[in-house]
Amino acid sequence: MDPVLRTNLINLAYLAAAILFILGLKGMTHPRSAVRGNLLAALAMLVAIVATLASQQVLSYGMIVVGVAIGTVIGAILAVRVEMTAMPQLVAIFNGFGGGASVLVAGAELIKVSQMVPSVPPPVAMSVAVVLSGLIGTVTFWGSLVAYAKLQELKQFKKPMSLPAHQLINAGLAVLVIALGFWAVLDPPNVAAYWAICLIASILGVTLVIPIGGADMPVVIALLNSYSGLAAAATGFVIDNTVLIVAGSLVGASGLILTRIMCKAMNRSLVNVLFGVMDAGSGGGSDTDEIYEGRIKSAGADEVAMLFDTAERVIIVPGYGLAVAQAQHAVRELTDILEARGATVEFAIHPVAGRMPGHMNVLLAEAEISYDKLKEMDHINPSFAQTDVVLVIGANDVVNPLARTDPSSPIAGMPILNVDQAKTVVVIKRSLSPGFAGIPNPLFAADNCLMYFADGKQAIVDLNTAIKEL
Amino acid sequence: MDPVLRTNLINLAYLAAAILFILGLKGMTHPRSAVRGNLLAALAMLVAIVATLASQQVLSYGMIVVGVAIGTVIGAILAVRVEMTAMPQLVAIFNGFGGGASVLVAGAELIKVSQMVPSVPPPVAMSVAVVLSGLIGTVTFWGSLVAYAKLQELKQFKKPMSLPAHQLINAGLAVLVIALGFWAVLDPPNVAAYWAICLIASILGVTLVIPIGGADMPVVIALLNSYSGLAAAATGFVIDNTVLIVAGSLVGASGLILTRIMCKAMNRSLVNVLFGVMDAGSGGGSDTDEIYEGRIKSAGADEVAMLFDTAERVIIVPGYGLAVAQAQHAVRELTDILEARGATVEFAIHPVAGRMPGHMNVLLAEAEISYDKLKEMDHINPSFAQTDVVLVIGANDVVNPLARTDPSSPIAGMPILNVDQAKTVVVIKRSLSPGFAGIPNPLFAADNCLMYFADGKQAIVDLNTAIKEL
Amino acid sequence: MIELLHQQVFLAQTMADVAAKVSPLGLLIAGLTIFALAVFVGFEIITKIPPTLHTPLMSGSNAISGITIVGAILASGAEETTMAAILGLAALIMATINVVGGFLVTNRMLAMFKKKRK
Amino acid sequence: MIELLHQQVFLAQTMADVAAKVSPLGLLIAGLTIFALAVFVGFEIITKIPPTLHTPLMSGSNAISGITIVGAILASGAEETTMAAILGLAALIMATINVVGGFLVTNRMLAMFKKKRK
């Protein structure tokens, strides 16, 4: 085929792919069209890949087949095998690989250019794009790996870690990278400088993410996701490819907005998430004792079961502890039992309950709990006052009245579920230890609150047995 | 300067202009940023114009100076002189000129190409774009002029007019235009076909708009506005110019959405607006007599003034008649008088009161009535029940309870202002004749409703005098 | 001219790529890409606009559609055949009226809202 | 090759225009235009997304960022120097994992919501 026509047809396919990507992303923002949106985006990717395979720059298919085969197998196995609860980690890993790929593509192109005969220095714009690809992509790669390790709760990464003079080290590394960047741009093509940038960016990726607490990882992943989009867009500038630029900048922009939305839901600023290492357990100590002392009423399965005997309206508030205990199936059974006894059961879903957005929805959906039982905060808050029993399972911060009353607390201003207005509140958790925000919870000391200390799953299983025996 | 660099710098300026246009349009969608948005868009235009003047295609500036000077003077005079109430017409005229300009630019380019030596047929894409520019631009031009005539209430255009077999004629013209279009594309460059297309499109522009009622003109103008954007975008393809494509398609898309939003606010479909000639006065006759007979209580200025003597809470409902009577300043005075007497006065603004969106806001703003007295429908509807006197000035359809009760009426389903819930309603209009929808209004026959028959302005002036004499 | 071209093109671009980019189809594709993206931007921006702003928005975006003034300037400054030049001048006058009048009238409308706001 | 170019270019385009379009700065501008528009689209689309969809959206858009697979294919199919080819293969494997895994896992997540909906 006429090479000009061929190139044009490929570009036309890229245009189609770009439009499909946009439609796909648009679809993903509405619950009803989300599945179709994802499929559209996948179709877009397929179109782009097939078009690329037809390019005259592709001379041999051997390597391509090998690479795609290996990647597909690994990706598919990971995606199909993973537990629902481990999804955030997996997304982090995938994201890191995307960033890494951008780095390598830009590097390969730079090597190709540096070996051209006759040697012509590449245009400035290309050199800049190469540097950006390398920098952003590498930070994404290592940052995502650290995020993975934290979410997977690998021992070494469990706690927020910070080196002495941490921000100073980061600043030093950043200055170093910028200097190397100037070198690479002013003396192109410069393969050595490129790898040096990637090296420093690797360290930077680790030191940037490692001090951030595991619970903030969803925000970090959203941000790194935005970065991987930007890295892809930069790579698009390097190899002058429209679809890379469109798809990359789509993801870059939407990731940034998503990051902001997530920060807002937690009532924190992005700067605070990234640099304001949260003082785990601050203000604990004496405060805690004061609040709890002598006011905690604890109960066992049988006592709690009695409460449910007469309850007509029950609301269950799931939290991070439900995910840790993997109690969703037991909760499903509890729901069935209560409904069989004639009670109405609803779930109150706080927007930041758990450790990733929509965490509770996914968990409860896994246990096949009907979607219309899950109520959003604004929707269900007015009805707590008419509720007989509220069962809080492994939630803490999202039901902490300090958010309303103590303007100095780290969750001040965060809207919470007003469970304290119910007739009786039962809280299932293993101890009085605090949740993610590291602060005590006066709810536990309230008159209408009963503590049921146990692992979430065991507690519910026992409770189910007890109710059946009533 | 190096011609390549010069072209590139111009394109860079076009990119800046495109971004400014987007930011400007974005700004215009929020009340607080609207002024700034408009200025940004104007700045964008300036950047684009200055960049174009630097182009090496511009060989002489004589004609340009003349053209810009004439256009600026005319445009500025029209814009500064126009009465607030005549703005919709003016926008229609401006819009038509934009469409016309696109037609002429595409025509000029076509002539240029047709006279090239050696003669090379232009690419298909260009021929198609030329045809689209001519067609869409011409329809926009003539359609806008007709819309202007209707809004200006020129005698000949006052009523919806329709020829016998009107839609058939339109269809015939459309087929003819398409045939000519094929000729122009298949045998390029074809100047004769182009002008023929423009001729037929001129007739089409008139016949498409002329049967539509004057009150639907805002929707038609929004649609024609979208067309003029598309014509500009098509012209952009003709002369291969990015900023024309970006700005044109921005306007094309946003105009289409705006059209849909406006149709929704009137509870009608676009097809209904464009082709469903509204039967003015249908269902009038006997119905009207039945509804009104013996139930109308009419009052004069003095009687109405008595009502205000004791009223503590007054709501004024302005409608199209207020604009016709130019009563806004008198209303302002009434407000001042009532407030001086200790009453609270608010204005209930229905989204489609008047004949263009925001019509009432603009009118009342002109009379310097404070912005926070103007309440939107959803906001004020619950408070009618606690209101002593509602004063309806020249509004009819927007307070017609038939919208709630009669599913066969043309305004069925349109949300209305629930003025009938107030203690007393006073309606100022000249007669019992219907409003835009052509239907009777049972409100006028309600027990708590007083009719005050007079021209809107005179009525308020008299009322003001009467209240002062109390 | 061809040397000019040659000298400006970075060699890593294959000649076929270059030729494709400036071929009629290539230009069309580049234009369509921009068109499609701009249409999406336009659609997405005008989602939840309050009724009060419908008229100013209409008038403001109408002024934007006067961008065709760019084409009119090119046409009337080209010293082409008389016919093309006359068309260009007429186009320029019309487009200028649209642009100048459009922005001014929008500003007047919006200024009215603003004044009262404070 | 130059003839090829010549023959494809429509003559109404001046040579300077053509040269500008394929010059490094011209390519950058074309890319930036697309970049800017796509950024606006991205910003505008993700405005009012419900929290439930945050995680699937994150995962889905993450899969989209695997578009760099296009670059990886070009790099690994180019029969270039060994070094570039090895980098290309590594890039291709990583990008494929991102794309395949990303879309699959997103689909799994979304399927969970959907099943219950009915």
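So that you can tell them apart, the chains are marked A, B, C and D in the order they are listed, and the count of residues begins at 1 in each.
Convention: a residue touches a chain if its C-beta (ideal position, glycine included) is under 8 Å from a C-beta of that chain, and two chains touch if they have at least 3 such contacts.
What you see is a predicted model, and the numbers here were worked out from it, not measured in a lab.
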item	value
Of A-D and A-C, pair with higher C-beta contact tally	A-D
Most widely separated chain from chain B, with each centre as the mean of CA atoms	A
Distance between the centres, which are taken as Cα means, of chain C and chain A, whole angstrom	41
Euclidean distance of C-alpha centroids - chain A vs chain B, Å	46
For chain C paired with chain D, centre-to-centre distance based on mean C-alpha positions, whole Å	26
Chain centre separation (chain A, chain D; CA means) in Å	22
Interface hub residues of chain B, defined as touching at least two other chains	3-4, 18, 22, 57, 112, 123, 126, 240, 242, 246
Per-residue multi-chain contacts in chain C, two or more chains	4, 8, 10, 13, 16, 19-20, 23-25, 33-34, 37-38, 40-41, 45, 47
Full enumeration of touching chain pairs	A-C, A-D, B-C, B-D, C-D
Contacting residues of chain C [partner chain A, same complex]	10-14, 16-17, 19-20, 23, 25-26, 29, 32-33, 36-37, 40
Complex contact set, residues of chain C against chain B	4, 8, 24-25, 27-28, 31, 34-35, 38-43, 45-81, 83-85, 87-117
Touching residues on chain A, where the partner in the complex is chain C	3-8, 11-12, 15, 18-19, 22, 56-57, 112-113, 116, 118, 120, 122-123, 126, 240, 242, 246
Residue ranges of chain D in contact with chain C within the complex	1-2, 4-6, 8-10, 13, 15-16, 18-24, 30, 33-34, 37-38, 40-41, 44-45, 47
Chain B residues within the chain C interface of the complex	3-4, 18, 21-22, 24-26, 28-31, 34-35, 37-39, 41-42, 44-45, 48-49, 52-53, 55, 57-61, 63-64, 66-68, 70-72, 74-76, 78-80, 82, 84, 87-88, 90-91, 94-95, 97-98, 100-109, 111-112, 115, 123-126, 218, 221-222, 225, 228-229, 231-233, 235-258, 261-262, 265, 351-352, 356-359, 361-362, 365-366, 368-371
